[in-house]
Amino acid sequence: APDQINIAYVKDPFNLQNIVMKQHQSLEKEFQKDGIKINWVSINSGAQQAQAMAAGSLDVSAVMNTASLLMANGAGNKVLVATGVARPTQVFAVVGKAGQQMKIEDLKGKKVAGPKGTVLHQVLVAALKSKGMSINDVEFIQMDPSKAYAALMGKHVDAALLAASLIIKSNQAGAKTVVTADGLVNPLLVMAVSEKFAKENSALLERIVKVHRQTTKWIYENYDQAIAMGAKEAGVSLQDADKLAKWSHYFDVITDEDLQSLKSDQAFLLENDMMQNKVNTDQLVLPIARQ
Amino acid sequence: MPVALFVLWGLASAFSWVNPYLLPSPGSVYSAFIELVKDGTLFDHVGASLGRAFGGYLAAACFALPMGYFFAKYESLHVQSRLVLESLRMIPPLSLIPLLILWLGIGELAKLTIVLLASFFPIYLNAYSGFKQLDYRYGELAKTLNLNTFEKIRHIEFPGALPAVFTGLRLGFGYSWRALVSAELIAASSGLGYLISDASEMARTDQVFVGILMIAVLGIIGDTLFQRAIRKVAPWSVK
Amino acid sequence: MSAVSLRNVSFRYPGHDNWILNNFSLEIKEQKVLAIIGKSGCGKSTLIRLIAGLLQPNEGIITTQSSHQLGMVFQDPRLLPWKTVFENVALPIRNESIEYQKRIVREVLELVGLSHTESYYPSELSGGMAQRAALARALVQSPDILLMDEPFGALDAITRAQIQMDFEKIQQTKKMTVVLITHEVNEAVRLADQVLVLGNTKILDALSVDLPHPRAVTDLHVIQYAANVLNLLTNS
Amino acid sequence: MPVALFVLWGLASAFSWVNPYLLPSPGSVYSAFIELVKDGTLFDHVGASLGRAFGGYLAAACFALPMGYFFAKYESLHVQSRLVLESLRMIPPLSLIPLLILWLGIGELAKLTIVLLASFFPIYLNAYSGFKQLDYRYGELAKTLNLNTFEKIRHIEFPGALPAVFTGLRLGFGYSWRALVSAELIAASSGLGYLISDASEMARTDQVFVGILMIAVLGIIGDTLFQRAIRKVAPWSVK
Amino acid sequence: MSAVSLRNVSFRYPGHDNWILNNFSLEIKEQKVLAIIGKSGCGKSTLIRLIAGLLQPNEGIITTQSSHQLGMVFQDPRLLPWKTVFENVALPIRNESIEYQKRIVREVLELVGLSHTESYYPSELSGGMAQRAALARALVQSPDILLMDEPFGALDAITRAQIQMDFEKIQQTKKMTVVLITHEVNEAVRLADQVLVLGNTKILDALSVDLPHPRAVTDLHVIQYAANVLNLLTNS
């Protein structure tokens, strides 16, 4: 057994389980008796998490988005799903310029800024599709959310694809949400693990998953306390924290529906040239994730 | 030495010493290169990046050289503006991107500004210290020869400061290339920096390497041309 | 009329306590040659730099006619290392036509014996050659006032005599106002209308040389004057 | 001038000329500052960043100065390594992050390397050209004085190259600060660069500004100390 | 025995066609003073730089005894601008104790009349003072071989005579091997055991000066010798 586990700490977008798990030192306590040290490393970027796993610097990521996970696997870097974390449907939204309330139809011909190949992109495509349009009907501009937010505030774009706090902030600045992921796509955040670690230390992984699920349970039982913790860590108000938590829909066991959305995620990525090789998405989900 | 590194790379890939996901084999980089050349996107990327790198660089040089000159000459100007300039020198341009977007939009201007911020200071500071360190004896000579400001710059100050100015221009050129990735994080849809960050996001390490190598090769070509030019214009400055 | 006049001039270098000139007055006569001799470090170069306007006096005033063109030979050759001999020498007449520049520069290079080194860079010259190039640069525009700080110091006896003779001739025709710092008493007496012995902070002695030009160093009168000057210098 | 800018900022905020979500008011930046000071995180950030910036900078100087010296002295070394060095000079460090993670992991080493890559080249190139432009006449003097290599460096070459070396060191120092944001993109949980990018992600513009201002202020303090030190050690180099 | 010997030495500067020395041979006698005179640009400095090992001959060999310590006064003062006069002069004896350095440097600065400028930087010296500092630097270690390229050229007559006299004394006790380039014929005759007239690429003439030391410039024999040398120079 290893003497330490390197695990990514990902607090955005408002990953309450991760925040609580770290603050409570639940993993540290769990593995103390085995003399295994827990190394939290802060990496927000999914792509960078996958790179760190490939380099052997990272074993587990407490939260990874499925797009990054699929792209890594498509490129031959095996990263597997250990358990579910959240289905943050309202955490991803298309937000219009301050002023008028836009509808999806109004996006036609407009400038929309956001990160390519992510859930946010997927939301936009799905939203347009729902009104019989395609991505070619808008002028899509590639930018990461914090820059898209700046562009929206500076009124240099008509709409932006934003997540979590950025949605709240832009709403406060008078920008109105056009549509969220709710009902269009099923965004998934999962706990991910490198194939190597999953194979060699499956017992340890099981215990990590167990702690994670206990944390999820604790959050629902001590909601106010958890929100306060999250608000402090993320630097948002209690109200906003509550909102973000409600939007996030924390869960743990991966369902058939989730497997289905993994498939459609992959289809989306392939369609948009974001993935070269198709993989069997069912095999990416470890058995423990489903029990 | 470059050859040795290349061979090492080939061997490392051939024997899978390293994870191909992070360090792709020369072969796969080559085929990614061919692929990008074939569909013509590589040329778009190169074209866009060349424009930005040179545009920002030229703008930086146009501001930095006169500023270096005047600040060396009129120390009070230098003292006056020191705080602002030094702040700008220390602040990471990446952190300014949101503000740049706010003020300059998401067009070329913001990108050019990032390049400018990256390459301005070596040019400015080297020019400043070059002009500052001028041998005062030649200044006396200029006075007795009744040279006017322009003649003084042309015959005495510029040639005297040239070695330092040249080092600054070379450094600035390098930084203007380096800044491409940051600059093209702002709403770019082409450019080598965009290619690199986009491909990196999509785990296309082979394309990332094509981007990196293109930047290195173009940069070296630029630097070489640059050194040639200076050798032509000012043979005395490179002994 | 005076070409340059210094009235009650005092000067010391910033950060130093000792006065180089103290309440110093001097009239430099138009179209005449004034030779200045004095011990090393007594302030000759400082004086000439004050006259050239390269230094500002702490007290007193220095007046030169503003229309007057100035030529200067520094104590060091001070050639621009990035210019050839030709380019260095042509600098004072940079605004003339190229043909004129070529003609005049070649003439004056001929005079100082540097015709063959037109295209040399200063780093390729010997000490004496560099000094001659600097002299050529000062002569190329026939200035109204010519300030020379030991212009022939690095030359061998033969070359020096030759150039002294040529300079004497030029001066007879061009009638420049000349201030010549020199260590050679003979040279001072041969070329100057007045010889000034400078000491710390003040003029120690002055001597008019009333001999017709051209003068020869072997002329008895010249030898006599030289002996007098040397006497002044030794006793001061 | 800094005062004028500050007043302008205050006015712009007071009269809402600009979007407060992107340019927060001085007041809100101040309260964010107080908040970060109170809970002690600001000191953690500053501490972590100081360590990285100085560590990377010192490493850069330790490599760059001897390299500049030897490459100026032995031109063949310079020619040999030119391609590799020039490539490194042109390649955006941001694009190297995946490779750095591969080779150096996600710990401090990778971050220090990013800082090193950012600040190495001004120091190196300025030292190179400073040593290259040394007056050959002093080299002759060294020979007739029978100075050994070390004495020659100490008495002649180092003082002669100092103005250029100093400019390089100043430039490199600035770039080491600037590199903090990029460096702390690699798995950092503290540091001013991390603070900036994290706060920017969360749209906490007030905190972003605290981070930016801290970097600027610390950088300027560093630069000032630096200039003082050089004035002490080598008074002739700053006339 | 020779301190330095040049055998069939030829030299030209890289990139230039003209030979400065051609098939040039010379023996420099131990403990003697050799004066070299010649026209400006004839190759005196080049010769001394070859002897010092600063230039390599294209052909021929130059041998000096390796145990011999070398002192050199360049034609320009070549003081290090970042060191004070004291530090510059102390450089050749940098490995001695501080007390020794202080004593010796002060002695030699006294000799050249620069006691009061110990802490000056070179930029604060007059031309002649800089030259004297350079001379002091060469004398501070009493080298076995002393090469001097116009060491007194920028000095006034009085200071020059004084320093010549002091140098003559030092040479009488220290018995260095000296090569002295000078433009002053009197100086050559006063100080040297042998005077060499150098022309383009070769030696034009040589003259032994067999007079006892100390010599006075006013001594008739010295004047006679000087006239001879001047003759050689003029006719060459």
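Labels for the chains are A, B, C, D and E, by order of writing; each one numbers its residues from 1.
In the analysis below, contacts are C-beta pairs under 8 Å (C-beta built on N, C-alpha and C of every residue); 3 or more make two chains touch, one makes a residue touch a chain.
In this text, all values refer to a predicted model and were calculated from it rather than measured experimentally.
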Given chain D and chain E, the chains that contact each of them: none
Most remote chain, CA-based centroid, reference being chain E: A
Centroid distance [mean C-alpha coordinates] between chain C and chain B, Å: 50
Approximate Å spacing (C-alpha centroids) for the pair chain B, chain D: 16
Distance from the mean Cα position of chain E to that of chain A, given in whole angstrom: 83
Distance from chain D to chain A - Cα centre to Cα centre, in angstrom: 35
Residues of chain D whose C-beta touches two or more other chains: 19, 22, 97-98, 101-102, 200
For chain A, residues that touch 2 or more chains besides their own: 51, 54-55, 146, 149-150, 153-154
Per-residue multi-chain contacts in chain E, two or more chains: 76
Set of all touching chain pairs, with the criterion as stated earlier: A-B, A-D, B-C, B-D, C-E, D-E
Complex contact set, residues of chain B against chain A: 19-22, 97-99, 101-103, 105-106, 185-189, 194, 198, 200-205
Complex contacts: residues of chain D adjacent to chain B: 1-2, 5, 18-19, 22-23, 80-81, 83-84, 86-87, 89-99, 101-102, 121-122, 125-126, 129, 132-133, 163-164, 166-167, 170-171, 174, 177-182, 193, 196-197, 200, 205, 208, 211-212, 215-216, 218-220, 223, 239
Residue ranges of chain B touching chain C (in the complex, touch as defined): 137-138, 140-141, 143-146, 151, 155-156, 159-160, 162, 234, 236-237
Residues of chain C touching chain E in the complex: 13, 16, 37-41, 44-45, 75-76, 113, 124-129, 132, 149-150, 153-160, 183-185, 230, 233-234
Chain D contact footprint on chain A (complex, rising order): 8-9, 12, 40-45, 48, 51-52, 54-55, 57-58, 145-146, 149-150, 153-154, 164-166, 168-170, 172-173, 234-236
